[in-house]
Structure formats: structure tokens, C-alpha cells
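Got some structures for you, see below.
Shared chain: chain A. Partners: chain B in the first complex, chain C in the second.
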Partner chain A sequence: MQPHVVSNVVVLSLVGGGLLALLRLRRSPLWREAGAELVRRRPVALAVVGVFVLLALLDSVRWQGGDAAAAGADAVARFEARSLVDRLFSDDFRERSYSAPLAAEEFYGNAPLRHPGRHVLGTDILGRDVLHLTLKGARVALLVGGFTSLIVIPLALLTGICAGYFGRRVDDAFFFVSSTLASMPGLLLLIALIIVLGRGPVQVCLALGVTSWVGFARVARGETLKLRELDFVHAARALGVSEGRILVRHILPNLAHLVIITFVLLFSGLVLSEATLSWLGIGIDGSWGQMIDQARDELSRDPIVWWNLAAASVALFGLVLSVNLVGDAVRDVLDPRTLRERR
Partner chain B sequence: MSGALRYAAALGLAVMAALAGCTNDPYPAADAVEKILYQPFDDPPKTLDPQVAYSVVDHMVIGYVYDTLLGYHYLKRPFTLIPGMAEQVPEGRPVGGGRVAYRFRLRPDLRFQEDPCFSLSGAGARSRQVVADDIAFSLARVGDPAVGSPVLEALGKITGLVAFGKRIEERRKSDPAFAALRIDAQYRAAGPIEGIRVLGEREVEIVLDDAYPQILYWFAMPFTSPVPWEAVATYTGEGGADSFAEHPVGSGPFVLARYDKRSRIVLQRNEQWYGVLHPEWKAPAATYPSEGAPGDAEEGLLDPAYVGRPLPFLSRIELRREKEPIPTFTKFLQGYYDASGVIKESFDRVIQKGDLSPDMRTLGIHLARSVEPAISYLGFNMDDPVVGAKRGDRSRKLRQAMSLAIDSKEFLRLFANGRGIPAQTPLPPGIFGYDAEYANPFRQPDLERAAALLDEAGYPGGIDPSTGRPLHLTFDAGDTGAAALLQFQFYTSAWRRLGLDVEVAATSYNQFQDKVRRGAYQIFTWGWVADYPDPENFLFLLWSPMGRTHGGGPNTANYSNPRYDELFVRMKAMSDGPERLRVIDEMREILQQDRPWIENYYPERYALYHGWVENEKPAGLSLPTAKYLDIDAAERALLRVAWNEPITWPAYALLGLVVVVVAPGIVTFLRERQ
Partner chain C sequence: MLAYLLRRLAAGVVTILGVLLFLFVLFFLVAKPEDVARKALGERAPKAAVEQWIVNHGYDRPRFWNPDHPADTMLVDHFRRMLTFDFGASDADDVPISKRLREGIGPSLSLTLPLFVLGLLLGIPLALLVAFFRDTYIDRAGVVACVLLMSVSTLLYIIGGQYLLGKILRWFPISGFDPVPGVIARFLALPVIVGVIAGLGDSIRFDRTVFVEETGKDYVRTARAKGAGEARIMLRHVLRNGLIPILTQIVIAIPFLFTGSILLESFFGIPGLGSITVDAINANDFATLRTMVFIGSLLFVVGQILTDVSYTLADPRVRLE
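Right, the complex of A and B next:
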């Protein structure tokens, strides 16, 4: 099966799953109330995150063929799966080189542009529309944040809970592994892993996953150590409930708030880590980090070429800030203590 | 309270005094009137061993410390050899069996610089004469595997040099007593080298296995510079002694006076140099030339004030380490460096409409443009089943089409500020065989013709009939940086217009080299800078015995064409003339049709010089040309002062601000205490 078909299936199932979950949650008054409270507290941040998610989804739905490509100068594009975002910009929508936002002529040499005044954020050194590149960066950022979290959280939960609950040898093994990983400089480990695994989105996500699960696993272990001594766990054990059931019914749900908080903190951290990796030349193609890296020597040009860097930085900053704000609000809303205060 | 005021007043006076004597001059005041050339360097030299050193910065030092038997004429282009330490440029003389001999006769009274190491050859001796044995010793070092000279490939053509290396290596392994001998004794004991015959105190004959006229160029490079055995024997780097790689002992126009390779390198005029000792000889490499290339007279390069005068004019060369380009350029503008390249960041400020900007001109700066004897090219792996030779005419047309799609002029405009010339053949300007009139029919961007050729190749519209999709190729690159990636995308987007789907496979340089060794690559980009100005040094990059994947040579395209190989061997042994030109033209035709390379561009170097620098002429090759330069130190000193007027008001303003902010606090504090 071709990669874009897989990607479409994944996106559709994600959207379907999300909608289903939303519908189920709406039935529970607790969650409905929490949702309303969240919207009330952080409407702007939520909207920004929503826009980025929507962009990422639109950029993930891809198919071959279609109208715009046929007319374009790029003969290969016709055979490539192009996303909805790509289809907003025709292949011909490019210049020969740099042009400032909304400019009518080239930045160097003053030759007239093919599309004067239509490049809202200007064009880069190869004449590509910066707005287009920036919008496409959203998908990469969410892929890095989302996919890596999908690796990190289950891994950290599994190891952390087992270590905390079973103790002894399991705990020793967990501590050995996690201390070893934590004692290596994170960036060096990342670089080494990427050299071993090769470059590419999945490899970068895996490498980021390996280097960032330890922190959350330790938190999960600590929380489990506390939970397993609580009365209801003792009671369950006295009643002869199996270990697996205790873990799933009593321990795991009590870690749910930690999962959400970790997810949010991790997400923004990962997006930023990817930018660092791109800056070192081992990131993912098309990410905002790469755009910033490419803009490195544009800043020292005279006159300065600022729009590439500005577009990527603002997008990165906007996403990370609003995810953090939303995360903060989610924690507050779900915390029983603040719930009581609200009432 | 009065005490506090007194302190404040004293502080203020001290600051004002400091500001009055304040200067940003990084050099001692006494040096201002001396003829000193100031130059920046970036990475420190790796080694100063003349038989080993290969990089530009190494040669920046060694080129002055070690003199060569031959040299290049300072002004003439194409480059012409002139005698250096040798009395004349020798002619090859066939000696039977296809062998060719060259006889060098050294000038009399050549002396090594003063150094304590010469006490080995006579108690208390500080220096000695340069003799033919020193040449033999240096060449033996090139053959010695323990030295690790990178040029054995070329100089191995000297009869018996490679065998000598094997012999000495074996004896060192099998006989510890031999290995413990002093280096000159080892070389003597290992037996003579057949092709190096010392015929007298001042005469040496070099015999080559087969005709290789380019050998003479190697005698204009430090690899063959005479080295005193005493220095190699003394500076072993063991037991507290200096290493020979850090302690050069030569016979050149300058001596190394100071070597802090991470910060400062100083070269002082060598009073023992033959040009200084014997100006009456008017030796070509120690006298300012009286004739030059066309246009040199107009440039003021044949100023009667200099013609015929003995070299060098400078008393010292100061090299300072500069890691960042922007501060380096600022120091140049302040007058603290005498020459500079044009950095990308300030390009538009310095160069306008292809010439110096008015700002720069008012500073008295002048611009020297020179095309380097170098080429940057895109290559195809000719062993590859799709783009390579196996598909015959079909892949040839594919390569021709891809060649037609690359617009080198646009590339240079985007990535090099237009500095460079779109290349037509592997031979850059300044090299025999370069023809400015020649336009390669496959190097003139023409998408329509390219599309027609793709059609003929069986890829109509770029579609590979076996898959029904655009032909998929990979561009293998050894650089993952974002700046390089943009350049690769420039190429791939040009090919995409033809309908070819070329993917950039960027890996680290090591992984790329590994791919090259395994032959697992399709399209690549590479460059070559001439070792010496002969067409052989470029055309051998496509000679099949130099094949990369099979032989580890520099023919990364793995190009193999029997006719080309035959012509190459013929061309190699010829001396410049119409006959050679005809052979080169036929080779050019072959490459034009076969397209193992897409010749991309010849880089162009823009150099800026201050008005007080006289006689500058950029060479492209990394040649030690500073001995021809002169400095008007008085003018420089005046302009430096004028350009670096300290701006003191911010300091006073800051001081005033501090007083305004702090004084009330002190007053309050004192009042409270009372």
C-alpha cells in the first residue's frame, strides 16, 4: 500500500476515534462540565491549538492527481500525493528567489515577480512561498509531539507502574535502566541514536521517545508507591482481586491526571527538541526547526532577510505557548481541589 | 560626605584618563611604522612538515619558510614556471627504456636559516649550505611510509622511490637496531634510490619511470623543498624535543619567529635567504618581475619603482587567528588587516552592480577578482544500472537532458552572489586548454531540448515506462546541513521540471564515503582544486584507472571510456602546444557527448585590499606571493587613526547616569549612619 493511503487511514481513524471519545465524554456530566469550564477559561489558546490541529489534519489527507497539478511547471507533482494544504497553493506559485512579504519585485535585483503582492509571507531562497512552508510545518510539529507521546506515555506508564507496584527486582532493573539513560547527556544520546537509526520522521520520534520517557516513568513509579499502600488497594488485595485487575482498576485511573499533565509538558518540549535537532542538521524535513536553521545566515545578511525566521518562530512559539496554556487549564479543571474552590 | 565626593571625583578622573588613551589597536604601537603584513587565519595549521602539509593554511606558513627549486612567475598567466633555488628550469631528457631525466643545478651559497640543530653536523654550527644531498633527503622522506606524505602517488613516478619505501619499512620491522639509527643513517643504510642521483655538491638528477612533464610543477611546491636532516633528527617530538611538524627549519625568504598556532603566527624576514644575501644575482624568484600578463601595466603592477628590485619588501608577516568572519571583516574595515575576502553577509554593502560600492571606494579599498583554478561539478555514477554506461545511448540521453536542465548562472546568483563562471568543460580558466569561446551545447539551459532528449531516451515526460511513474533517482549527498540541502533542492527542482523524481539522500560525510566505496550512489556533487596548473590535473579525474569504487581514486564518476583513456595518456606526456590542444579538444568532445559530469561552475574569488598594499595580484592557487607585496606603513598608520576615532560620549553618559543613580543612595546611606 502506498504511504499516503496509510497516512489517510491513520488520520481518518484518529478523527473517528476522537469524535467517538468526545461523544462518550459528553454523556458524563463531569467531563461535560470540565469541557465547558476549559472553553470558558482559555478560549483563544484552545482556538489556536484547534487551528494547528486542523491544519495538520488537512495536510495529512493526501491523494494523487487533481486539478492544480496538471497546469503546474512541476511535472512530478502530478504523480505525487498532495495534501489539501498543498492544493491551496498551485505549483506555479513560486518565484526565482527571495521576495519580501507582499513585495512586487525580487529582493535582490528588483526583477518583477510572477505573482506580485500575493506572497503574504514572502518567498525563500528557492522562491517557495513561506506561508505554504509554515502551514506545512504544523503537521510535522504535531507528528513529532503526538507520535512521540504515543511512544513515551505507554512505555513510561508500564515501566513506572510495574516498578512501583512490584518493587524488588523489577524496581532494581527499572532503576538501573532509567539511571543509566538519565546519566547520559540527552542531546548526545539523541544524536547517537539518529546516526544509528538513520534520518527520517519515525526515527527522530523514536529517538526522542527513548530519551524522554525516563522522567515520566519516575513520576509514575513514585505515585504508584504511594497508591499501593492506600486502603482501597489493601482492601482489594484482601478480597483476593488479582494483581492485574488492581493495576488496571485502581492504580491506572488514579494516574490519569498525571498522564494529561505530562502529555502537555512533553508535547511542547518535544516540538522544541525537534527544532534543536533540525538546527544540528538531523531533524525532520519541512519542520519549523529546519526553516529556522535555513534562516541562520539570512539574519546576518545586509539587508536582512527576516520573514523566514519570523514565520517559523511565530508559528512555533504560538503552538508551544497555547499548548502550555491549555495544559495548565486542563490540570486546573480536572484537579478536584480547584473544582471545590470553583463551587 | 566630603570623603564620598572625593572618591567619586577621583573615579571620574581615572575613567576620563583611561578614555583619553583609549584605542582599539590590537598591535603594539612600535609596529605601526614597520612594513608588516597583517593577515587573519581561521583553522590552525595541522602540520608544518613540508613533505606532509597539504592544506591552504599549512602552505600559508610553509610556503615562506621553505623555498622551492622552481617557482611560478608572479604576473604571467597561464602560470609559468621560473627557476627558484635551481639555476634554471630543467628540460626532460630521455635516458632509454622510456625513462626521462631532469637535472637540477642549485645556486651557490644557498643557506639554511639559523637553528641550533645544525650543531649535529659541526660543533657550534648555526647554519650550513643547502646541497644536492638535501634534495635527495627530502625526496626520500616523501617515499618513507613513516612520514606519510600525501603526494607519493605523483612523486612515486621517480624510479625506485616506492621500492625504497618498502625496503625501509621492512628493515625497520625486522631489525630493531636499524630502527634505532638516526634518520640520515637509516636512509643511507636502506640503499640509494635509483632515480635520485646526486652528481655533485650542487647537482642532482631525477629519473622518472615514464614521461611525466607535470613533475616540474611538484618542484614548485613545498613537498620537494630541501629539508636539513639535522632538523628531522633533532626535532623528533620525543624526550622533550620539539616536533619537526611544529619546528620548521628552511631556507625560504621568511623564518618562523613565533608559532602559537591557536592565536598568532609571526614570520620574520630571513637575512640568510639568497635573495637578501645576493641581490646582485637578480635571481628570477628573488627580484620583482619586469614583464607581466596583458593589462598588468595598466593595473600598476609594473611600477618602475618596483621593477628589478630585490625581494622581499616586507619585514614581517603577522598571522592572527580569527574564528568568526564578521569581526574579521570589521577589523579589515578598521585597517587592522590588509586584505580580506568579501563575506556573504556584507556582500551587498561591499559590491554593487558587479563593482565596489562607493562607500568602499572612498576608503581607498580596491577589488581584485580572480577565477580559481577549481571546478564544482555534479557527477553520475557510471556503474549505476540506470544513469550509468550500461544502458548505452538511453542513459547518455538521460544525462544530456539532466545536464540541460541545470542553470548554473542562476545557481551562482542564488548561492554565491554571482561569484563564479558557469563551467563548460572540466578545465577552468588559467589552465592550458581552457577556451573562453567554447559553449558546451549541453550546458546551455534548455528545457524543451531536454524534454525531447528524455523522449528519445525512452522516458517521455520523465515517465519510466516500467512503472508508469516519474523516473526515480537519488542524489547522494554527504552534508545534512540546511544550507547545503537548499542547494541540492535547487538541482532536484530543476530536474522535477523535466518530470524526473530525484530524491535527496543526505547522510553524514562518513556514511556518504561509505556509500561511494560500495558503489551505492547515483548522482553526487564534488569539487576539485588544482594542485598545479596543468590540464592533466583536471582530466585525470575522469581517467578510468582512477576509478573510485574499484581503485579508490578520485574518479568518483567511475567513468571509463577507452578512447578517452588513450587520449589522456597521450595528452599527459605532451608539452603545451597546438598538438596537445587538439588532443584536449577531442577529449572535450567525448565528455560533451557522454556527460559523466554536469560541469557546474568555476568559483571566483573576490579579494579586497587596502590602498596601502602595493603590487597585489591574486593567484587562485595557494602560492606564497607575499614576498612581492609592499606596504605603505605611514599611510596605514594615519588612516588607522582616522578610522578609529574613539566615540567617548556613551562612556561619559553612562558615568553620568551612574552618578545620578548612585550618588543619592550614598548620600542617604551616610546620613542614616550619622
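Right, the complex of A and C next:
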């Protein structure tokens, strides 16, 4: 099977799973109320996040054929799998080199452009449309946040819950591993992991997963410690419910709000970390961090080339800011301590 | 107190041993000696040169178990050398790593120390001010400003600072370093300003939460009941009590002053420990990288013990359990 088909299946099943989870949550009045409150508090930030997610999903489903084949492009381009976002920008929608936003001629020398006035954010050094590159960055950002969380959350929940619930030896082992990982400076650990594992999107997500596991697992452990002593867990144990079933049916659902809060708060940190890694040359291809990194030298040109940097930074800032705002609201809405103040 | 201290020390030693084990797995088991050699010598290095390199750097010995000489394995050697601070030579250019570290610590400290002090001097009063206006529009605007500050990537602060203050306004040199006493400040001003601003949002928000939490406590109500003014309450009562949790954050940051700032140093051309790390990344210098990670975690563990001790000294209510 071709790689793009595999990735399409993965993306679509993730979307399906997410929608199913959302539908299940909607059935419970508590979650429905929290959701409504969230929308009421942060309509704009939620909408912005929604646009980014939509862009990323549209850019994640790719297929072959289409206008590249019709336009008589070369053999490589004809069989390249392209997403809907790619198809909005046809294959020959490029220039020879830099051009300013909406310019009619090239930035250096005054040769007329092939598509005068149509590059909304200009073109980069290779003549690629900056708007196109910026839109594609959304997918990388969500990949970093989403894929990493997909690795971390189940692992952190499993380890955290077991440490909190079983205590003793399990907890000792957990304490040893987590304090070992936590004692290594985050950025250094990330660098060491990526250098040893090799560069690439999967390796970056794995490394980010290792560094963010500790915080997540500790939250899960702490909450499990509290839940373990509650009456309904005692009751379940007295009724002879098996340990595994207690964990899955009684402890896990009560951690759901924490998972969501931690996930959202973690997300923006992951995206910013990737930008830092890109600058160190070990990030993911096509990310906004990489665009910023490449744009550094452009500022020392005269006249300066600013649109690359501006486009990538605004996109990065917009996503991180709206996720931060949503994260704060999610915490306020789902945290039982602030719930009372709301009423 | 002594028993508590000893127990903390023992836990710290266990953590350090854990870190060494982790580094061994990562750098000696996951990373194959051939790959390390190829990365250092280049992909197309002849096979003989690769083998010679592996022997020279000691990557050819048995990893865990040597029946003839039980002590002569990479595992034992790794632990022994790290724990005796005998870091050996760099994988990239054979310069002794400890020499590099000694040279880098001065520039790193000259950057991080002013950065740290200024950050505190600016962050805590601002947080107190925002907390003073809690539940007003000033507070809300302050929190929003913090979130805005936090949402900007450090890269942008650096690029923006270099461009605006260095290139357009020409207040400071864009990058460089000169350890002569009078000249050093000129070069350090810009990275320090950028670093302070980049960290401000995070610290104000954290400190504000602490202060606001304190204002809800009983002693504040008592102070108000006996007629103390709001300003006096904030400065005499809330600040002093709030500093206890903030202290933990501060003390734990102190060891990291020594590891420098990777981003700031390499952007501004300061030859500190952060720059050494970046060079190690670019040269695939595994020996230097694992030394940096080890030193970082060693300092972290020391910082944690210091935090616990200072916590008990600052707050007599904390019992040594």
C-alpha cells in the first residue's frame, strides 16, 4: 500500500474516533454544560483553533491525480499525492525567486511575475507561494501536538494510575523513573534523544513524548491517590470487583477532565518546543519554526524580506495564543474548584 | 534535620545513578558505535578509519560483561568517569570536555546571572501590582498581556530584539562577546533584555496566582480588620507569605544558571555552555552531549535539595517528614 493511503487511513480513523468520543461525551449533561460554557467564554479562540484543525485535516488527506496530470507536469509531479490545500495552489503557481506580497514584479530585478498580484503573502527564495507554505504549517503543528499526545496520554495514564493505585513497589519504581527523567533539563534531554534516535517527525514526537510524560503521569498519579480512598472505590472493592475493572470503570472516567485540561495546556508548549528544535536544526520539515529559522538571514538583506518571517510568526502566535486561551477556559470550566465560583 | 538531609541526599544519589543508567542506554545501546563514528568522521569514511576511531574512543570494549577483567566494560567505565568528573575528550575534535566546560562557565554565568536577577526584580513587583488590582480590569488586562507574552516563541523575541534594538535603533551590538569588564555590558545588554522579556509573562502569571491566593486567606482579613491599608497588606503580609512558594521556583532555577541559555547564547554569539551544546548538536558530538545532560541533572538534583532545605528554613510550619 502506498504511504499516502496509510496516512489517510490513520487520519480518518483518528477523526472518526474523536467524533465518537465527542458524541459519547455529549450524552452526559455535565459535559454538555461544560462544553456550552466553554463556547460562551471563548468563542473567538475556539473558532481560530477550529480553523487550524480543519486546515490541518484538509491537508492531511492526500490523493493522486487531478490538475497536475492534466497540466502535463513532469512524471514526479503527476504521481505525487496532493491534499486539498495543495490543490488550491496549482503546481505552476510559483515564481523564480522572492516577490513581495501582491507584487507585480520580482523583488530583485524588475522582471514581471508569472502570476502578478496573485501571491497574497509573496513568494520565498525558491519562488514558492508563502501563503501555501504557511497553511501547510498547520498540519505539522497539529501533528506535533496531536501525535505526541497520542503517545503520551495512554502511557502516562497507565503508569500514573498504576503507581497511584497499587502504591508500594510500583510507586517506588514510578518515582525512580519519573524523578530520573525530570532531573534532566528538558531541552537537553530532547536534543540528546533526537540526536541519538535520528532526525524526523516520528523521532521528534517520541522525544517530546518522553519529556512531557513526567508531568502528565504525575497528575494522573496524584488524582488516583485521592480517588483510591473514596467511598465508591471502597464499595466496589468490598463488592468483589476485580482490580482491573475498578481501574477502568471507576478510576479512569474520573480522570477524564484532567486528561483534557493537561492535554490543552501541554499542546502550546509542544508547538513552541518544536519551533526551538527547528531553530537548532533538528525540527520537522515544513513547520513554522523552520520557516522562521530560514527567514533569519532574510532580515539582514537590504531591502529586507519580511513576509516569510511575518507569515510564519503570525500563524504560530495565532495558534499558540488561541490554544492558551482555550486551555485556561477549559481548566476553569472543568476544574471542580472553580466550578462553584462560576455559579 | 540531619536525618532528613541525609535521606534527601540518598534520594538524590539514586536519581543521579538513574540518569547515568538512562544515558548509558541511550548513548551506548541505542546508538551503535559504528553510527557514532560515521557521524563524527563523515558518511563516506573508509572502514579502517571507522574501526580505528572506535578503538581510539574506547567504544570497542564489551558493554556489560568482560570475563577477563570485570571492571573493564563500557558500563563500569561510563559510571566511573562521569562520577569522577573525568569526561574525556570530545567525539568531534578530541578537545578535553572539562577544558571546554571551564572556559564556557564564565560567559554563561555572565549572561544568566543578570538575567535571573533582573527577571526577579521586574517580575515579582509587577505580579504584586497586578494582584493588588485583582478582579478589576487592570488585573484582567494584566493576565491577558501575560498570555500574549507567553504565546510568542522565544525565537521571535530574539529575532525581533536583534532587529529592532540592534539593527534599526543601533543601541546595542547585534551579537558578539568580549570579556573585558567595561565592554562586556555592551554585548550582554541585548540578550539580557530579550531574555527578561521572554520569561516575564510566565513568571508574572505564576507569581500573581500565588499572591491572589494569599489575599483570600484569614490573616489578610485580620490585617484589614485591624485597620491596615491595602498597600501595607500587600507589601507587609501578602508579599512575605507569597514569597515562600515563589522561593521554591527561584531556588530550583539557580543551578540552571550554570548550564546557560542554549538559544540566547547561540543567537548572540556568547561562547558559553549553551553554545557548546549547539556545537555538539551540529557536530554529532555524543560525548559532549551526554556530559551536558549529566551536569544539567546533577545541578538539578542539587537545586532540589537546596529548595527543600531553604523551604524548611523560610517556613517554620513545614515539618521535616
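Definition applied: the second predicted complex is superposed on the first by the 311 of 343 C-alpha atoms of A that agree within 3 Å, B and C clash if a C-alpha of one lies under 4 Å from a C-alpha of the other, contacts with A are read in each partner's own complex, and residues count from 1 in each chain.
Here is the rule we go by: a contact is a pair of C-beta atoms (placed from the backbone, for glycine too) under 8 Å apart; a residue touches a chain by one contact, two chains touch by 3 or more.
This one's a predicted model, so the numbers in the text were calculated from it and none came from an experiment.
Colleague: Based on the superposition on chain A, does the combination of chain B and chain C result in a clash or a fit?
Modeller: On the shared chain A, the partners clash.
Colleague: In the overlay, answer first, second, both or neither for which of chain B and chain C A:V6 touches.
Modeller: Neither chain B nor chain C is touched by A:V6.
Colleague: Looking at the overlay, does A:R296 come into contact with chain B only (first), chain C only (second), both, or neither?
Modeller: So A:R296 meets both chain B and chain C here.
Colleague: According to the stated criteria, A:L197 is in contact with first (chain B), second (chain C), both, or neither; which is it?
Modeller: Only chain C; A:L197 stays clear of chain B.
Colleague: Answer with first, second, both or neither: which of chain B and chain C does A:L126 touch in the superposed model?
Modeller: Touch status of A:L126: first partner only.
Colleague: Name the contact category of A:G281: first (chain B only), second (chain C only), both, or neither.
Modeller: both
Colleague: For A:P185, decide between first (touching chain B), second (touching chain C), both and neither.
Modeller: second
Colleague: Look at A:Y108 in the shared chain and tell me whether it touches chain B only, chain C only, both, or neither; answer first, second, both or neither.
Modeller: first
Colleague: If you stack the two complexes on chain A, which partner ends up touching A:L25: first (chain B), second (chain C), both, or neither?
Modeller: In the superposition, A:L25 touches no partner, neither chain B nor chain C.
Colleague: Among the partners chain B and chain C, which is in contact with a greater number of residues of chain A?
Modeller: Comparing touch counts on chain A for chain B and chain C gives C.
Colleague: Determine, for the stretches 297-305, 351-359 or 513-521 of chain B, which one clashes with chain C when the structures are superposed.
Modeller: For chain B, the clashing option is 513-521.
Colleague: For chain A, give the residues common to its interface with chain B and its interface with chain C.
Modeller: Of chain A, residues 195, 281-282, 293, 296, 300 contact chain B in one complex and chain C in the other.
Colleague: Note which residues of chain A are touching chain B in the complex, please.
Modeller: 73-77, 79-80, 96-97, 108-109, 124-126, 195, 199, 278, 281-282, 285, 290, 293-294, 296-297, 300-303
Colleague: Flag every residue of chain A that touches chain C in the complex, lowest number first.
Modeller: Contact set of chain A toward chain C: 176-177, 179-185, 187-189, 191-193, 195-197, 268, 272, 275-276, 279-282, 289, 292-293, 296, 299-300, 309, 313, 316-317, 320-321, 324-325, 328.
Colleague: In their shared complex, at which residues does chain C touch chain A?
Modeller: For this pair, the touching residues of chain C are 11, 14-16, 18-19, 21-23, 26-27, 30-31, 147-148, 150-156, 159, 163, 167, 256, 259, 262-263, 277-278, 281-282, 284, 286, 289-290, 292-293, 296-297, 300-301, 304.
Colleague: Per the contact definition, I'd like the list of chain B residues that touch chain A in the complex.
Modeller: 326, 344-349, 410, 413-415, 461-462, 469-470, 480-483, 485-486, 489-490, 493, 496-501, 506-508
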